[in-house]
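Some structures are shown below for you to check.
Presented sequentially are two complexes of subunit A, the first with subunit B as partner and the second with subunit C.
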Partner chain A sequence: MSNATFNGKKAYNNMDAVFYPNSVAIIGARTDSERELKTGWVGKLTRFDYKGKIYPINPKAKEILGHRAYPTIGDVPDPVEYAIITVNRNLVANAVKECISKRVKTIHIYTGGFSEVGTEEGIALEKELKEIIENCDCRVIGPNCLGVYSPSGGPSFDPGLPKEPGSIYSISQTGVGSRRLIRLAMGKGLLFKKAVSFGNSIDLGANDFLEDALQDSDVNLVFLYLEGISEGQRFFNILRKCAEQKPVVLLKAGMSEAGKNAVASHTASIAGDKQVWEALFKQTGAIKVQTLEEAVEQMIALQTIRPLKGRGVGLIGRGGGLGVIATDMCESVGLKVPQLGKKTRKSLEKIIPASFGSTVGNPVEIGLGHTGISEQYVDGLEIVASDPQIDCLISFLNPADYIHFGFEGWAEDTINAMKKAKGIINKPIALVFLPGLNSEVFATVVEIQRKLFEHGIGCFSSMDTAIKAIGKMADYYEIIAD
Partner chain B sequence: MTALNSKEIIQKVLSEGRSLLTEKESKDLIRNAGVNVIDTRLAASKEEAICIGEQLGYPVVAKISSKEVTHKSDAGGVKLGIQSSEELGNAYDEICASVAEKIPKASIEGVTVQQSARPGVEVIVGMFTDAQFGPVLMFGLGGIFVEVIKDVSFRIVPLAQKDSKRMIREIKGYPLLDGYRGQEKVDISILESIILKLSNFVGQYPEIKEFDLNPIFAYCDDAVVVDARVILNVEDIS
Partner chain C sequence: MSNATFNGKKAYNNMDAVFYPNSVAIIGARTDSERELKTGWVGKLTRFDYKGKIYPINPKAKEILGHRAYPTIGDVPDPVEYAIITVNRNLVANAVKECISKRVKTIHIYTGGFSEVGTEEGIALEKELKEIIENCDCRVIGPNCLGVYSPSGGPSFDPGLPKEPGSIYSISQTGVGSRRLIRLAMGKGLLFKKAVSFGNSIDLGANDFLEDALQDSDVNLVFLYLEGISEGQRFFNILRKCAEQKPVVLLKAGMSEAGKNAVASHTASIAGDKQVWEALFKQTGAIKVQTLEEAVEQMIALQTIRPLKGRGVGLIGRGGGLGVIATDMCESVGLKVPQLGKKTRKSLEKIIPASFGSTVGNPVEIGLGHTGISEQYVDGLEIVASDPQIDCLISFLNPADYIHFGFEGWAEDTINAMKKAKGIINKPIALVFLPGLNSEVFATVVEIQRKLFEHGIGCFSSMDTAIKAIGKMADYYEIIAD
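What follows is the complex of A and B.
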């Protein structure tokens, strides 16, 4: 007997049946092919090119979207690893029982209308489900959730998501924190190994998936969206362990007002949910973000920028004013913009002609005319990076100027320059590639940003997002190095 | 009389149906956690008080000991800076009379007599139980800093060593501990060790629901708990 149990079950240290099932039954597949194809699970799996077997379950159908249908899951002749329950909430309990009899390994209850609606009936139905699954061997995701996106051979809650797996693991209580996040992230080129939206979590919850993320050696970054947490101590311990090994970006939404009544000590009267979550961030090193957009920028930084060893930033770019703004922003997030050493300034003077608009202080304005990118640009980055006071480079370029002045080949020049810089400089580098507000420029710049990301170059649309993300990285590496 | 161990103190309080420990019980419990607490003894009579006063050496502080009195000063139950046996005898009578008058239903166990601590930088270490995460520790500067400015930091139990280091340095008033303008520099490592001992202690005793160690006097070579208030979780009686 294993002593590590949860809900009376063996600790879940193998999520294979959750993320890589070889067969999926959809209980409640629709007979209306067009609707099923567009919004049903048979449609989602087919359009996602799910390679395993698909068994639609519907007593009124013989075949749905080319797959033979069965009246009940018990009628399927072969074993079924994974079942998705999409029927009306009053029929869910019975469907779960049938799955248990069929020895399904993972049950995903897609249907909502349980404790989350707050009605007596919803709460009672959920309680019934908990009782039904109490002593079974299967594991349950949900109810009231999107379930799983697993591009390396599993199902997907959205057929339009990339089929190519990456190295991010997204764990989310709600659909917004998973589907919308992945949609935003894919636009920037970020790819996921696994994603799950676990809803009311009558069985598997954030802690189980976080443990899986810790153990999965393909995963190097975790995103977590939470509104509340059960088993707080277990969560605290796993999170601390996980963040030590791979960064965890945590979006905690909503604050609890519970536990504020009947306090007898001064300490308890001062303390609140907010302070405790703040403490959790400081102790575990989990990186705090407040919006999905911020989460995406933070993940871009973590996937492309080397770990920071200190807080000294070298700012290099065009536009003296932008440099001053960036300096203030750096200071406000705890980064430093130190004065460059004598040796560094001397070397910079050699490559930067003392002409209009060039300075060799920090921020460094490399006077390269309006083209912005040239051989000297990379040399300049290298010289600044060699200064012992500098731990990280942030360069800012304004491609709207290149387009405005009608330069050719600047996009390739930028990509090549950054690739070269990344190859020869072993300190963290980020590029702020300002998209401007003109729609034509915007589209071009976003496309180049994506290409830069594909080459492993951290590229951001604003000074603000870049500096915030890098500031938080500095905090993170400081906490885990301590 | 031998001192009770932590388990015995907790059981005694719970068996009497109480959640709030007396000052003496609170201090005995915290001392058992390995933390330096000011010597505080209970006198059941005036004579006993004078005897304790002579043993501890003057000046001393006298406070009412009653399970029904939660705000001792308001009830006239505290006398500071007592310099002699004569003063201590008078203080004993005055305290008992004042409490009897202001809170007639209070049963008076006697008066606690404790050493006057030499002045130091006042800090607070507190603990409460969060509904989601369990025990959480708080650190801050004592006195008005905690009451008015709420210059405090929190950490979830169990704390790692770096957590105790960081939570002390995180408060805005940290320079006051670090020898601001030629003042005595507090030994921070002693405060860190107190915090870690308490983290370990509350981890062992889930019956403890909240406490305030306020103030703790911090010095360049020592730190001592001067007042303590511990509250148990009554629902957890099993």
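What follows is the complex of A and C.
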């Protein structure tokens, strides 16, 4: 990364001290060990098994959770690469000054209560922080944010997140949302290389992290939650460049008028005009999502379905009405549900006799049922996939029915059938488990989804989200091909 | 119900023999007891604990699952009110003739393979059935459908459904979808008075059941899944009349071009023009939904939230970003997220100090967290509700966080807090449990939802579905007030 991308700061020219610091000081670590272990940053790093050095800073403690404590960061005998500031907002400015004197490379200001609360006091305190850091060599994340999750040896804002790194980069202005996104994603097997929640962004912001994502060759997918943006032209250029190389899933919050107000009191950002943002999506190829849940489904699609060659979808599943609903959805997002060719129908009729009342058009009624996952199901998928009009298969299964019909072993059968299908079929397959309210089914489905994801098969939580995600993928590959 | 609504048939003038028959014959009951118990109709009725008489019809059996079997329905010594035909499609016509001779009141043709398969043979077989029933006194449901679920003493197409009747009437052309809807709904505590899946509808259809729903004073909510409709003007009139008196949630499948084809091969209906249907929604006040999941959330809203007096929503929950996303959603469905009045903000500031970095505008950041559900949470709801701009509260909770922060007893605390809130607050409250992938949380949430529903508090599965459902309620009450 060139120095230019760092606003002219030259202390270091990459994000290593942000994501892989070899030491972390926690300014404002609590003396109450139990509380610190449960919700404090010393506790988080310890529980996440952070391998670098941990320096709790608190004038009243000698040791916190087994780490020697120091009265101020200046008292730490060794260099400190990364500092987390968790003290009351009135003490933050002083803590930042001490970090600068100590030549800390990255300062994460966790504390909130600055410009986002909209009071004179909060705004003044943030202005003061900006002035303090203006000419320093260090980089600042925050204030009012969770900071970093870096499973490749760095810190983590949530000790419960996976320690295994993946290939997704999550860049988010919001903290709770960021943690929620990663937790939802990890439940489905998605893994992250880096994640950051940067809050009010008095220094490092979306542009900087987006550049890092662009240049990090381990990263193949970017998630971006934004409320507002500074340096609009720079953002546009980086975003377009990045989206050309790896998909960027973008949740722009504060699109509505009331949403703009909400943004102002969340991270004190200026949300910007809706039309400008809509145009930006079209011009950059960034993939627009509106909720975190939708973002996760979109990422599942992007990680499991290769670029679509066309918009023809083969819908496969039992339940004619469900098929009709799915067909309407496909059309509404610009996908096609073409009638299958004569040859395809003939082949299907051999495995699904018309006298059963099941249809062989498209949607095709095959799937699990009374007789379980059979050779027939995989054969059916293969026949539909062989139709030249079909670019992608979406199959829906209804686990609640398997319980209903007392069909044991369905989980294993499903996994085996899909693994087999994946080996035979040369077109993308998306699998939808229709949601239900049975806890046992829920647990089993989560397990199946994770296992199939390891085999490169994407499982979705509803027809709606699957179809939307695949529709947006089709749009994305058309835009970047232009 | 007037005779006119029964297409001039005068054998009986209400739906009693459809929903409360005192005897059921199953034509095509299987001799294999184990299979019949698991998936057959004799098994279904037995497992549902149907109290009327059961007559299995099979020339090869003397007894099936403890019920004396007869070679033909004509051999049954007593009158039979209701017959279910499950034989191969080529034998259906003969079975129907035998039912007519026996003066059966209601014939349910379960068998499929008729006009919906689109073959000459299927179409011809259905035409024959129509001719056979033309001048008979009995009423026919189907072919190609699941038939009836009637917990007040009638049969059930799914023995696992609740035996306790409720106040919802589900009218559906599709079978699998119908069962799925009821199962999803029952998981949240919603109960049904009557449900019917009527398939290809050679006799009884949506109009007949809708009239029954209109006249049944136990019914306060109607769900309708339709692919096509005959007698358009009659349908329009009944629908408008019904929606004026009780909300009708309508899923019209086959709105897209490809969807129309799918409809033809599902129930052989003519789907009709999209614009006509869009106009019908506006003119009748029927509430449009697009998926079964959405239908369930809409019904939760309609059963728990009283008519809204305005469109002002107070959003309450932790996580500023989630609040911004929710605000955008509210605006996109025509709800408002007004800034709270000065007095309201002052009161909120007392319980949420600005220095905490939490916002008191709207959205308001209070909720469960490190400290658990406190008096503060209910106080916060009460303060927001007291603002004259607010017509409805939507509060979101993130159960995954309570586990994350080791907050035990959150389920009970949530229930108690909400019960208390319901007692104090005079405006509708909707509660959203943000979805997660932890099975333990899932099971607990399902339990909480059911308990709160009993106390008249609606719980929703996501912000998205809650906001959409409430937005549509606001539209509905505006339309019917005109």
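What we mean here is this: the second predicted complex is superposed on the first by the 439 of 482 C-alpha atoms of A that agree within 3 Å, B and C clash if a C-alpha of one lies under 4 Å from a C-alpha of the other, contacts with A are read in each partner's own complex, and residues count from 1 in each chain.
Heads up, the rule we're going with is that contacts are C-beta pairs under 8 Å (C-beta built on N, C-alpha and C of every residue); 3 or more make two chains touch, one makes a residue touch a chain.
Computed from a prediction, not measured in an experiment: that's the story for all the values here.
With both structures placed on the common chain, the touch criterion links A:Y225 to subunit C but leaves subunit B unconnected.
By the touch criterion defined above, A:S265 reaches both subunit B and subunit C. Subunit A has more of its residues touched by C than by the other of subunit B and subunit C. By the touch criterion defined above, A:D482 reaches subunit B but does not reach subunit C. In the superposed pair of complexes, A:M463 makes contact with subunit C only, with no contact to subunit B. When the two structures are aligned on the shared chain, A:K282 is found in touch with subunit B, with no touch to subunit C. According to the touch criterion, the shared surface of subunit A, contacted by subunit B in one complex and subunit C in the other, consists of residues 256, 258-259, 263, 265-267. On the subunit A side of its complex with subunit B, the touching residues are 228-230, 232-233, 235-236, 256, 258-259, 263-268, 270-271, 273, 275-276, 278-280, 282-283, 479, 482. On subunit B, the positions that touch subunit A within their shared complex are 19-20, 124, 126-134, 136, 138, 146-147, 150, 152-156, 159-160, 162-163, 166, 170, 210-212, 214, 229, 231. Subunit C meets subunit A in the complex at residues 38-39, 88-90, 111-114, 116-119, 121-122, 144, 158, 160, 172-178, 180, 183-184, 187-188, 225, 227, 251, 253-259, 261-263, 265-267, 290-293, 318-325, 327-332, 336-339, 354-359, 361-363, 370, 398, 400-401, 404-406, 434-439, 442-443, 446, 462-464.
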